[in-house]
Amino acid sequence: MDVYLVCGSKSDLGVAEECKNLLDSFAVSYRMFIASAHRSPDKIDEIVEKAEQEKVKVIIALCGFAAHLPGVIAAKTTIPVVGVPLDSSPLLGVDSLLSIVQMPGGVPCAGMGIGKSGAKNAAIFAIQILALKDQKLRNRLLAYRKEQRDKIEEANRELSY
Amino acid sequence: MDVYLVCGSKSDLGVAEECKNLLDSFAVSYRMFIASAHRSPDKIDEIVEKAEQEKVKVIIALCGFAAHLPGVIAAKTTIPVVGVPLDSSPLLGVDSLLSIVQMPGGVPCAGMGIGKSGAKNAAIFAIQILALKDQKLRNRLLAYRKEQRDKIEEANRELSY
Amino acid sequence: MDVYLVCGSKSDLGVAEECKNLLDSFAVSYRMFIASAHRSPDKIDEIVEKAEQEKVKVIIALCGFAAHLPGVIAAKTTIPVVGVPLDSSPLLGVDSLLSIVQMPGGVPCAGMGIGKSGAKNAAIFAIQILALKDQKLRNRLLAYRKEQRDKIEEANRELSY
Amino acid sequence: MDVYLVCGSKSDLGVAEECKNLLDSFAVSYRMFIASAHRSPDKIDEIVEKAEQEKVKVIIALCGFAAHLPGVIAAKTTIPVVGVPLDSSPLLGVDSLLSIVQMPGGVPCAGMGIGKSGAKNAAIFAIQILALKDQKLRNRLLAYRKEQRDKIEEANRELSY
Amino acid sequence: MDVYLVCGSKSDLGVAEECKNLLDSFAVSYRMFIASAHRSPDKIDEIVEKAEQEKVKVIIALCGFAAHLPGVIAAKTTIPVVGVPLDSSPLLGVDSLLSIVQMPGGVPCAGMGIGKSGAKNAAIFAIQILALKDQKLRNRLLAYRKEQRDKIEEANRELSY
Amino acid sequence: MDVYLVCGSKSDLGVAEECKNLLDSFAVSYRMFIASAHRSPDKIDEIVEKAEQEKVKVIIALCGFAAHLPGVIAAKTTIPVVGVPLDSSPLLGVDSLLSIVQMPGGVPCAGMGIGKSGAKNAAIFAIQILALKDQKLRNRLLAYRKEQRDKIEEANRELSY
Amino acid sequence: MDVYLVCGSKSDLGVAEECKNLLDSFAVSYRMFIASAHRSPDKIDEIVEKAEQEKVKVIIALCGFAAHLPGVIAAKTTIPVVGVPLDSSPLLGVDSLLSIVQMPGGVPCAGMGIGKSGAKNAAIFAIQILALKDQKLRNRLLAYRKEQRDKIEEANRELSY
Amino acid sequence: MDVYLVCGSKSDLGVAEECKNLLDSFAVSYRMFIASAHRSPDKIDEIVEKAEQEKVKVIIALCGFAAHLPGVIAAKTTIPVVGVPLDSSPLLGVDSLLSIVQMPGGVPCAGMGIGKSGAKNAAIFAIQILALKDQKLRNRLLAYRKEQRDKIEEANRELSY
């Protein structure tokens, strides 16, 4: 198994789609969970243990409000954890962003951008880690980048009319 | 045992003094710990278990950066948890404040002010909870309030010269 | 009487419902008021006096803008005061949050999260204080926590399909 | 009596000097107090009552942290209240500024800038109100403005060398 | 003439209504203008000159974005200027608030809250200044306050059902 | 005359040195002034008039607090105005930055970074405008860029030891 | 060619219209592009090279999120670059604003306001640079300013009814 | 070669020490560079090319102000890039943090905390990625974690005296 995708709440599944779609399109294997650092702390232990057994390479955790989820997972494993802050509270995701990136020295948690674009980038970042030992995946990433460039070129051509 | 006082790091002991001094002067029994939500997650379990055994009434947790400590404790007990955000990171304590108060619905954590005045107030707030069933303690609180008023009166008298 | 619930304005009643529903479901006795620290300062005195007479254990105050209400109540009683900042002004509740938590040393006010989740948590926090001397209530809290965990487990099962 | 100058704490007297010096140099009569909205709420009542008796025209209140002082005074009188936010907490005075200006509709409180320049401006603003019915004072204000302009002219002359 | 009400842009007239309605209901005389510190700097000079001729007591300026309008007016007269920050830019009114209150020492500008409640309070604050020399107006202010209290009492009565 | 350099206060001269040194080293002609949008509004008119007479190409204005200076200058001329926000107030320059960039549509003011690096960049930006019609100056800019690159190369060489 | 207008993404074209309309109405020649500092870095090189060949006077870059686009362009040319921060991320454009203005010393990038008014002002600012050597354009700018003043006068006349 | 460590400026070398020390103590091979996204854009190309040749697994980029460096590197390679925001500008590192994490969808950049603790965590995070295929390194990480726990236990023992 390559990636674990953990949502802090059922209501975060919508944003997690951005992540899933990219993992799917890169044919990366993943498993999805809902777990709350506060409402189901034991669930976290269970997920982390399973992740270690399944030799997961990256754990992506999406979470809003005081987003402790990524940090609490990171505290229990050496698997790299990528946190996606969500703007589900009134504070636009600033609470969530700071709760994720401002981890004290010793236990890192990689912060992505707030919301949908962060969810997308978490998937890409995980794929970049996987691609370090998988040339095919790396080629797909290069193809994905080319696609992005091509879309921009096309948009420029449309402008000329 | 009345209160548990948990610091997120050895470097937070200075601010915790504000808390200790007040608990001492109100003759409230307490025990002090250092524990990190990220660097020593099992220590948290140990402290919470002991707190339940010792019938602790309030757990005060002081923490800087992405202050997960109070929330992570709150997730494991129904004892009221009071969080004190510290300004130990470059962000003036805003990261810590939001990590403490912005808990998702279901698992509360009571936020105090940032730094020394918050540490002081955490002690007073704990004493207020204890005083609900302890008239002597309540009288001491009233005496403490009177002292504060008297100091202000005295300061006003000094102004008149 | 267990809890007093004070709204800073009639327009805050909607958010206060989150609080009421939880207090109701835990069968905690409470009384509700509307009072403004600025528009009806004497009403505050009246409420506090009555709270002391009725041996209220926790006062929850919900308030937006420069939320002085919780602090002004806290200044007049030793009953623990829990403040819920609301995002009713254009500033997303930041004004209200800082007005509540940044109390100077000596008179604490326990801050919850901004808006609905904060209102919910204020109720839970009050119940946690009440449960310190009420084993039945504590059992209900444990049951409530279990319910939350069960919902998450169920959500995980739904994901597997 | 023209002006009342209220400090939220003894430690604010230093910044209040900026205010006092200007009131002195304009020969405006004032009285100074220390009073805390939270630690000495009754003192506020006493000050406001006296202010009304002495027909005070402006009340200036300097305060740090969650600066409720100006708003709490404003709630008890129709005398114009000018609030000066101080940067005495770790939040640079933002907490104090928002606690002063974000008053709900109905009870205003005039906010000045944070710290020393705000304290200065509070004095000038009070003098501007007094000058509405005092042509001599207005002339002094015009002279003060001219002085400021002259200093700038002089600074420009120094630049030319 | 008692009050001048200056809007920074035609699109601010809606918020200014809050101000107008209160001035109307207190039978305070006022004149309304639209003027931009940047797009019509000479208009400012014209308004200030006229204000001095008409012995205006307070100038209220409502403005969004980098709200220079109140400060630019204040620079040209000793009549007290009250600034109302508006949340017309994407920054929720923070830009406007800071542009108004953070005036350098020497030229004050009184800041109200952001948006509608600030507009309301600007009117009340102006009336408070006018009431310093007008006992009738002061009585009306006291009646207005009583009305506010009565509304809150009524809301409390409704709660009891 | 190429550039006018206007400081909002005598105390800003230190930061302005960063600007001056660069203008000097590029042999760009400039004149320096101190002028306050609030304390010396007429001085602004005088400076702008002179700037137009001397066919100045860029006006650089450095200013702290509610930095109205660049905007107020921009309102009176079509010469491009570059504003440098200073962190002289307790708000780290955020007040000044927003007062400069958040100009309403129609009267632009180009914002640089806060403090010394902004002052430096204001000079470079002015030189870039001048270089549009001055190939020699453009060559110097290219040489300056090369120097920067060379310094970085040298720093890299030092790292290798 | 006078101006290059670069959008960071196809979705920014709507805001860019504000820019285009003004450039059109001033009959300024421009060319429009879509280019991303991250998704199409080579496109940036191509645009900059072409800009230098076509002797472009100003490059306007509109961009949301971590808006590197203006800075990355500025790093590769001495043509003045004007950056327009967009509020397309959840952070209201603050991320974009800081990414644009906080450039390190040596490579400036001129920041405009966030969103539509910033886009408008970028066009005006570019025209102001062009007008330095084009008296006709300067006259049009003066006429545009007069139009703005006239509109305000008209709005004032409407108020009188 | 395992890791590339890129500093945005010579003055960032002090903070980079935190990173280096950890990489050294884990015996991870790395190479260090100074490169600026703006002052030496071509240097970035050179570093990225070399990184690909040397089969580098993680690129760590430390940068203050508008920290484009990590994003600009990320745009040119599929090697995972970890960005460390520095508080070298007056904005406490907020500018740098947002410039790093708020990358638009498609090109991710992993954000760490601001300053020293972020630099430390960047090293640990890189080691976690390397440890995915290196059991020895993983054992060292587990030992490092144990050390952290032991230090906390020791600190707790000291408290008991």
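As written, the chains take the letters A, B, C, D, E, F, G and H, and residue 1 is the first residue of each chain.
Going forward, a residue touches a chain if its C-beta (ideal position, glycine included) is under 8 Å from a C-beta of that chain, and two chains touch if they have at least 3 such contacts.
Computed from a predicted structure; not experimentally measured.
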Joint neighbours of chain F and chain B, given as chain labels: D, H
Co-neighbours of chain G and chain C - touch as defined: A, E
Separation of mean Cα positions, chain F and chain A [Å, integer]: 42
Gap in Å, rounded to a whole number, between the CA centres of chain B and chain A: 34
For chain A, residues that touch 2 or more chains besides their own: 36, 39, 65-66, 89, 91-92, 94, 101-104, 106-107, 113-114, 117, 145, 148
Interchain pairs in contact, sorted by label: A-B, A-C, A-G, A-H, B-C, B-D, B-H, C-D, C-E, D-E, D-F, E-F, E-G, F-G, F-H, G-H
Footprint of chain C on chain D - complex, ascending: 8-9, 36-39, 41, 64-66, 68, 71-72, 74-76, 89, 91, 94-96, 98-104, 106-107
Complex interface listing, chain C residues touching chain B: 18, 57, 78-80, 82, 97, 101-114, 116-118, 120-122, 124-125, 128-129, 131-133, 138, 141-142, 144-145, 148
Of all residues in chain C, those that touch chain A in their complex: 87, 92-94, 113-115, 117, 145, 148-149, 151-153, 155-156, 159
Touching residues on chain E, where the partner in the complex is chain G: 10, 32-36, 39-40, 42-43, 65-66, 89-92
